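The same subunit A turns up in both complexes below, where it pairs with subunit B and then with subunit C.
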Partner chain A sequence: MQVTVRLVGVFRIDRFREERRCYPETATVRDIVCELGIPLSLLGIVLINGSHAAIDDQFRDGDTITLLPFIDGG
Partner chain B sequence: MTTSPLLEFLLSRSRGELLAWQDQLSAARRFNRSVREVELIALQHGLLPARYIRNRKTITTEGQLRLCSASVVVVGCGGLGGYVLELLARLGVGRLRAVDPDCFEEHNLNRQLLSTVENLGQAKVDAARLRIGAVNPAVELEPHQCAFSAANGAELLQGAEVAVDALDNLATRRELAKQCLQLRLPLVQGAIAGWYGQLGIQLPDRAGSGLHWIPAEGEQGGLEKELGNPSFTPAAIASLQAAEVCKLLLGAGGVPGERTLWVDLQAMEFLIPE
Partner chain C sequence: MKILTTHPAADPAAILYTRGTVDLKSGSIRLEDVPCRNLEDVLGGFGRSFQLLAERRITHAYCEENPLIVNTGLLTGSTAMTGLRTYFSGYSPIKGSKKGLPAAMWATGSGNFGPRFKWTGLDELIFEGRSPEPVYALVRETAEGPAVELKPARHLVGLTSHEKMMALRREYGEGAHVAAIGQAGENWENVYMGAVALSTDNQFKSGEDKMRFAGRGGMGSLMGYKNLLALVAQSSDKMKPTSPEVKAVNLNVVKGGGSARLQPISRGGGGGTWAAYDVLQAFHAVPVNNFRPQGDDLPEKLCREQVEGQVVIRSEACYRCGITCHNNIFEKLEDGSAGRFLAKFDYEPLNLLGTNIGIHDPVQAASLIHLCDNYCMDSISLGVTISYLLSYNERHPGSRLLNGALFGDYENIRELVVMAGTGKLPEIGRGSWRLSESTGETSYAYHVKGLEIPAYQPETNPGYAWAIAGGHMSMGTYGLLTREGKSDMDSWVEGITRTKLQIVGFDMIGLCKFFDITKGICTQMVVDCLKSEFNLEVTTDELAAAVRRSFLRGLALELRQGYEKAEYTLPAEVWERRNPNIRLPEITNQQFLAELQERVWAVFEPELAGLLPEAGA
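On to the complex of A and B.
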């Protein structure tokens, strides 16, 4: 299936801002994160179609998955 | 001492509904009251300390009284917390509790509002007390030089109406969020790293936590350790936090409920998840 992957902040460096990508029907967000070489420790927020989601959530054809970095400075 | 002679004094010195700072200070000295007590009495009788005249089209005199009566706890007095304290004091929030275990170091000077070359080595909460005392003497700042923890959290949050998370690590943020839920205390969270910032609101009547940070595996630090923080990122996120605190205290505006805002100042993008 085809989904849109949108990256935010430092995740765009040497990758992309937004791309249409293909994944198997059983794929989860974790598969995308691993495929893109994003360290799990730097993942802050996952959105599917703009709503909060979990890393092991599955998605559907046509969905938009957004990955945001983990920041905790004050 | 009843309030009557004090009130008479204030009414005699006011111009229209405005009370000048020198008259507020004179009243405090003459009637042996704190500046904040004088401010409360003035506001209760429709007199607005002149320092708030530029607030007036945004915050009514009744709203100003509400703010003066309010108590907010700010946990963390570094990049975010320093600005939040300053903004809330200038806004007129009457009681602030500042919590931070650290003293200022040279690497704080690039962004932490309360740090100066003169106060390196000073406790951040003591610098906060001095600064807020100089900016708005009607604000009573209670310094607590300690780290927020499971053991002292309830005591530190006691009596506050809103808590501000200006911390720099996820473990303490989680503890603060947990205790705020238990105490039914609204929490306004901020986090920063480099060009990026995040704002979160956790309300007590909601089942879930406003903390939408994915539990990072291993819970190492986020990007701040790698990216640091420039001067403007804490200022930007702290301003958003102060605006949310103001709305929560006044019950005004569109308090959005649980919500997260992610800000990329480099790309000038603001992302608000549903």
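On to the complex of A and C.
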């Protein structure tokens, strides 16, 4: 299935800002994160179609998955 | 500290801390060892100082009975990473209830002053009364123990915080570190937001004004009222070798998940400062033009990739800290190399003296931050008060206030900062609450309980209402909606009343919040440090209970200083003029807030009884 992956902040460095990508039907957000080599320690927020989601959530064809870094205050 | 027990929670009186009391009026100084009353006293910081403040009935911040308490935390000056904190506590000139009574406050900062102060042998210094002449306090380590003297400070009057520090360092040499106010604190009558600057090794080595700040609540103004311009702590370096146990903790702090996001990008980290811009902008929740995000890409002009093209960014760290969270900004010379140091970009000053006042040029923002730092004001209070004025002027084109500045009007805004910092503009220097009361337009003054909020939209954080000493660093709910996606009532009640209030533990023990910002101090890491450093046996539950008692004591003290429950709310514009541009669930309508207030107080109220002593004076 095809989804749109959006990256925010430091995740864009040497990657991309937004891209259409293909994944198998059973894929989870974790598969995207691992494929893109995003360190889990930096991953703060996952959005599926603008709503907060968990890293092990699955997604559907046509969804938009946004990966954001941690926000820490100060 | 004298530690005569291994169980501080069960036997706190067997731990004594060394307190100095300075009567600024007479010049008399008394040193004593004081037995701890509870674990809060042992941990230190505001956990101890608020118990002292609660013993006094203070009706005006600028009165001789209002003490300035300078203390450290148990792990200040220890081998635990980030153990650099100094705390300044007193009744605040800027934060107060609508009944007109000042609130108890603390402010804290890192830098090298805290460890040096601790290594003199002192744990706490209380300044009573008011000196008839400008003075500074010299705290020294001697063979007989700590010694405290008052010295004439006429030669320091009118200098910036950095200039005062450099002058005192030249006088006292390498073993000396300094806490100082700037012109803002000296002009305490017209500036209620004066901060205290804390010197750093980097500052003294480079000559660049890279201080750290205890900014919130006007503790620098209180210091100025007392005619106390600076403190010098002079001691040898007493950092002992790091034990294997603390080494393991420190490694976890640096390499573990806790601080990875703060590390420089070059080390695979998140780069610190700009993570908040990046994340909040994805929700159109970066404060713009007095907390009114417009749903556009304007904030991106101060995102890292834009800033990098115009200035040189260097990642630097506090003394012996491996987190490297500072993003110091330098002029970019023609060959691309670094020129003059401009400012340190932290998220709050960058936003509140940048995007939120319509300044999108990093060099201009740096210039305003630099001025604010040198006059030594709280950048949050200054930025938010200016953004209120700019908003007022935008709404009243025919009757603008002061110099008529508008959003983005750099020259006029700069003039406001200079005039406020030198005490010539009380309308700004006394904060947004008083300014908005004078105009009669209070709904868009972005303060809570009289203290300006930090750079997180109130629409994302109803927890601001229960923060006891500044909007985000004394109530860790600022990420509950944005980061954790929690918009249900139960999560917010749980966050405010249990988990997120624990953030104030860092304001007791001497560690910076970046030691472990998500988990707080009630962790095995802290337990291991206390065991290794002092042979103390403390459980995480005991730590959590002490932190909770301290927070609740702060809340009880607010109520005693006249706060009504109706004051535990957000700026009214949030619901009166809902911002449709913020792409997050709405959790700050009046109905949600009313239920939240009811449920939060239902948890807190039964626990408040008996926390405060009878106030004396």
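Basically, the second predicted complex is superposed on the first by the 73 of 74 C-alpha atoms of A that agree within 3 Å, B and C clash if a C-alpha of one lies under 4 Å from a C-alpha of the other, contacts with A are read in each partner's own complex, and residues count from 1 in each chain.
Throughout what follows, a residue touches a chain if its C-beta (ideal position, glycine included) is under 8 Å from a C-beta of that chain, and two chains touch if they have at least 3 such contacts.
Note that the structure is a prediction, hence the values are computed from the model and not measured.
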{"item": "Touching partner for A:13 - first (subunit B), second (subunit C), both, neither", "value": "second"}
{"item": "Subunit B versus subunit C as contact partner of A:72, first or second or both or neither", "value": "both"}
{"item": "Contacts of A:45 with subunit B and subunit C, given as first, second, both or neither", "value": "both"}
{"item": "Which of subunit B and subunit C A:26 touches, first, second, both or neither", "value": "neither"}
{"item": "Partner chain in contact with A:55 - subunit B first, subunit C second, else both or neither", "value": "first"}
{"item": "Residues of subunit A contacting subunit B in one complex and subunit C in the other", "value": "8-10, 40-42, 44-45, 47, 50-52, 66, 68-74"}
{"item": "Complex contact set, residues of subunit A against subunit B", "value": "8-10, 40-47, 50-52, 54-55, 66, 68-74"}
{"item": "Of subunit C, residues touching subunit A in the complex", "value": "256-257, 260-262, 265, 268-272, 274-280, 282, 304, 346-348, 456, 472-473, 476, 478-479, 482-485, 513-514, 517, 583"}
{"item": "Contact set on subunit A toward subunit C in their complex", "value": "8-10, 13, 39-42, 44-45, 47, 50-53, 66, 68-74"}
{"item": "Complex contact set, residues of subunit B against subunit A", "value": "76, 78-81, 165-170, 173, 190-198, 212-214, 216-218, 220-225, 227, 229, 234, 260, 262, 264, 269, 271, 273-274"}
